[in-house]
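The structure appears right after this line, and notes come after that.
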Amino acid sequence: MKKQLIIAALVLVVVGLVPLTSVSDYITGVLTMVCFYAVFAMSWDLLFGYAGEVNFGPSFLIGVGAYGAGLADADLGLPVAVCIAIGTLAAVLAGLLLAIPALRLRGPYFGLITLVAVLLLQDMIEIFADTTGGEIGLSVPDVLAVSAAVNFYYAFGLMVIAGAILLAVANSPFGLILQAAGQDPVEAQALGFNIVKFKVVAFAISAFFSGLAGAMLVFYLGTASVSAMVDVAVGIQVIIAAVLGGRRTIIGPVLGAAFLVGAGELLRPVGQMSGFIVAALALGVILLVPDGLLGALRGRLRA
Amino acid sequence: MLAVQILIDGFAISALYALGALGFTLIFGVSGVLNLAHGAILVTSAMVAWYVGTDSGGGAFTGAAAGVAAGVVTAFVTYGLVVRPIQRSKAIPGVERELFVLTGTLLWGVMIQILLADVFTTTPITVEQLVSGTIDIFGVRTAANEVFIAVVSWAVLGLLWLLVNRTPAGRRLLAASINPRALTLVGVELDHVHLLAWGIYGVIAGIAGVLLGSFLGTSSAYIPALTGTAFAIVVLGGLGSVSGTVIAAYVVGYLETLTAYLVSPSWRAVPALILLLAVLYFRPQGILGRR
Amino acid sequence: MSVTLDLSPSSEAPAPMAAVLEVRGLTKRYGGLVAAKNVSFDVRAGEILGLIGPNGSGKSTVMKLIMGIEKPNAGEVRLNGVNLAGKPAYKIARAGIGIVFQHSRPLHRQTVLQNILLGLLPDRLLAWRAGPEEIVRAKAIAERVGLGAVLDRLPATLPFADLRRMELAKAIARNPQVVLVDEPFAGLTGGEVKDFSDLIVSFRDEGRAVLLVDHNVKSVAAMVDRVLALYLGETIAEGSAAEVMCNETVRRVYLGGGISTHERPEAVFAHTEPVLQVENLSVFYGKAQALDSVNLFLHPGEFVSVVGLNGAGKTTLFNAISGLVPFAGKINWQGAPLAGKSAARIARDGLVQCPETRELFGEMTVAENIALGGQHLPKAERTTRRDWLFSLFPILEARAGQISRTLSGGEQQMLAIARALMMKPKLLILDEPTLGLAPVILGQLSDAMKLLRDQTDITILLGEQNVTFALPNADRVYVLEHARIVWEGSPSRFAKEMASGYL
């Protein structure tokens, strides 16, 4: 574990230094998106890999965070930092409102609620297009920064901090109890743990980072739009990144995000079929290498 | 008369929703799988029906037949390429198997969605109606196609009921949904039963997809909402209850129609989703589910 | 309420004090089946109460009700006077009750130390790091149960007995006042049984109240202070181990009265080729060896009983023969090897099993269940056969239209056998058909067995722990104990040599 952390730290340092070299803004931009998707995917992994709950609509949390921040800026003209805080808070509250009843139940209900929430949010945004900009999207007057490099460092910083916190949580007693709740709920309860409480908090943490990243994404892209933040397809990208990279590793989803965004760029000439190829790869991973890239690597190292 | 029109439209769309959701329930009952590629199968059937019938000039009936065939093929591929391998994979720990099947079918549905968008674009198209013209019902001029859809949907539901309750193969399907282990003990190969279930599912979904395509139009962009609606109807009715599914389909169908007429078409899907959330909070076992 | 205790067992057992756990009128219904009926008892600190009964008597249900894993329909469970019945399991665990489950439930991704540590952690969200004292305690508990050397191993690498030790460790991690132990000795070797007994006795000596569930009085007689006997969900006797073992009702229920034997002479079968031949059969469930080099054969038309207690391996043996579990070794059916055939194919070929759990189609009627058994037959034959079965089990004809889930236990068992017989079996395997049945039904079942033996040429393989039922119709008996065949012979010889061991 220690060795892996050292390698990860080294890679991070190298990547962190890239924008300071003479690479194009395009590359820096790609790396920035990787950071955002890494945060989305790590947050998703806390729920799936540890608590054993599939969130079919991570884009609900991302979308609420994004539109919350975007509306606060466009309509209320508040400072960027405050808008981001509002967006994050909105994501956590909205998420808890949905999750608390659903996590009490055993069965596919949590997954269904998350899927329904995304569809509902999408409908609402389109219905109230006057306020939200509907299909066109909502432009925000402010941005995080103008320079590509500075934008990158905001995202990079978020990713490192989020990663560190999620890693600490996953390896803490909280993480241990969460894993027990996910693997064997009856046993976890017989050992004295209120597993609903733990799952709800895990979801809140997931919602916090997803919402925060979504809110910051608005000020990077300059708009809040359904296609970039709410669409079911966005959520699926997040799931693909986490599954490809390796569930239950926290670091794995980062690799998955890098692969996802990188492959998407490389496959750009193929047009929208790039999404098909990436989804097919993820399906292949599920069928053949369910532990994902990092999981398979770790297994190889252990053997 | 608006009331009669709502009554008729609601009836037709509900019947269609019932047909669509029933396939979903069937597979859940027999195979234990919540197939998140459901919407993709519906839309694939519609797209092929349009391609063969309209785009290639094969005519409405040939198109419809091709569409249903496409539904069957897609269902079998879903089972053979995605669901069965995951169910049998030794690399996946038992407790996570269901999660992986769900995620696998989700990804597979996405793949189909992107493929259809690439081949057909996302512009909505309409499948050619098998029956044209209008019929007067209590003073309301109704498209004959609508009546046809309601009739066909209920005919298929009836045939399905007959199959399950009156044929040996159907009894085996029912038995498999009650106790698969017992079915093995009486000498029935479960593999054969699963294949039959997915085959029937393909036919039902194919018919539903083609009819939907002729009534509301179709596009790859509709796929997530269609899966969501089917899933919602099945949970609303109660997981595992067939009559619950039909009743729930009518609840959702009428809610949507009422909303579209009385509020606005863009609000169409919202009340049903909110109802579903409410049901999940207060009565998660649904209308007729057991708990 | 918390009891601060030295972890090492004291040398002198303190005298039992006031009742720590009071159970009153505990009742649980599953549909038409009453699993526990008005069960009441006390467990005092510093004593071991044995809860005994055959399968289906309600012992495990009572444990689950106390632990909160199931909610009772009626009754109270008082811990130090506070009623916990109906509360969620985690609250009951926190209140001071620990449970050792019958089947080990390790967390497969965590090490032994982490598994035990989990039992020590507070139900608090803000635990960023496990305190050093907690880790020290976890290690101490591991040492005590004998896992000190494997702290960093994953459960998949541990032998069966160590997994059971880990269950004991988890149960006492939170220093509970009451420890519930469910069938602790199943699957253990003689030496391991002794270690576990000592550990459980040490729990008692620390002042805990121990409720021990098992199906066999003999194996726990040395440990328990008092015994409560259950049958069909109700208490039938209470007292010291010796008193209960002598109790009339208990003896009748367990032994069912006398043993009679009616085997046909060996010569009848001596020159026939075995129709079923099992050679060197071994079955592993992960780490646990459920069957160890079992050899067994059946002649056509013979009635063979396999006698064995819970956990001996009977069900595994039958499942291997029916193609439901993978095995090592050879099984030949009618001269051809069974390996590679699907379970459904084996059933269609005439090797039919009526399992312990009966596996009825609960939501279907009696008639529908029987029809499914006969689906491979031509219609006319199906009707004839069904009529024959109705004459064998008239109650089924009377209840033909009833949903099978609502039938009584005895009727369900008859339906299961009837359905199996519809398949025209050449070999019929019956796994513990007397499970949870009232003595009156046993007589009817035994008569049906006699009829099958005398009037048909069906080969019958019967697995039973109820010796009174296993013997009267058998031609030969095998005894299965801890995954091995330990005895084979005629029923009369069994009655002379082995029967006394089976109360």
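For reference, chains read A, B and C in written order, and residue numbers begin at 1 within each chain.
In the analysis below, a contact is a pair of C-beta atoms (placed from the backbone, for glycine too) under 8 Å apart; a residue touches a chain by one contact, two chains touch by 3 or more.
Quick caveat: nothing in here was measured; it's all calculated off a predicted structure.
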Relative to chain B, chain with the most remote C-alpha centre: C
Leader among chain pairs (count of C-beta contacts): A-B
Chain centre separation (chain A, chain B; CA means) in Å: 31
Approximate Å spacing (C-alpha centroids) for the pair chain A, chain C: 47
Centre-of-Cα separation between chain C and chain B, whole angstrom: 44
Numbers and ranges of chain A residues touching at least 2 other chains: 183-184
Residues of chain C touching at least two other chains: 108
Overlap residues in chain B, where contacts from two or more other chains coincide: none
Residue ranges of chain C in contact with chain B within the complex: 108, 322, 324, 342-345, 347-348, 352-353, 355, 359-364, 368, 371-373, 375-376, 419-420, 423
Residue ranges of chain C in contact with chain A within the complex: 67-69, 88-90, 93-94, 99, 101, 105, 107-110, 114, 117-119, 121, 123, 125-130, 170, 173-174
Contacting residues of chain B [partner chain C, same complex]: 93, 168, 171-172, 174-175, 178-179, 181-190
Contact set on chain B toward chain A in their complex: 34, 36, 82, 85-86, 89, 91-92, 95-96, 98-100, 102-104, 106-108, 110-111, 114-115, 117-118, 224-225, 227-228, 231-232, 235, 239, 264, 266-267, 269-270, 273-274, 276-277, 280-281, 284
Complex interface listing, chain A residues touching chain C: 168, 172-174, 176-177, 179-180, 183-184, 186-195, 197-198, 201, 248
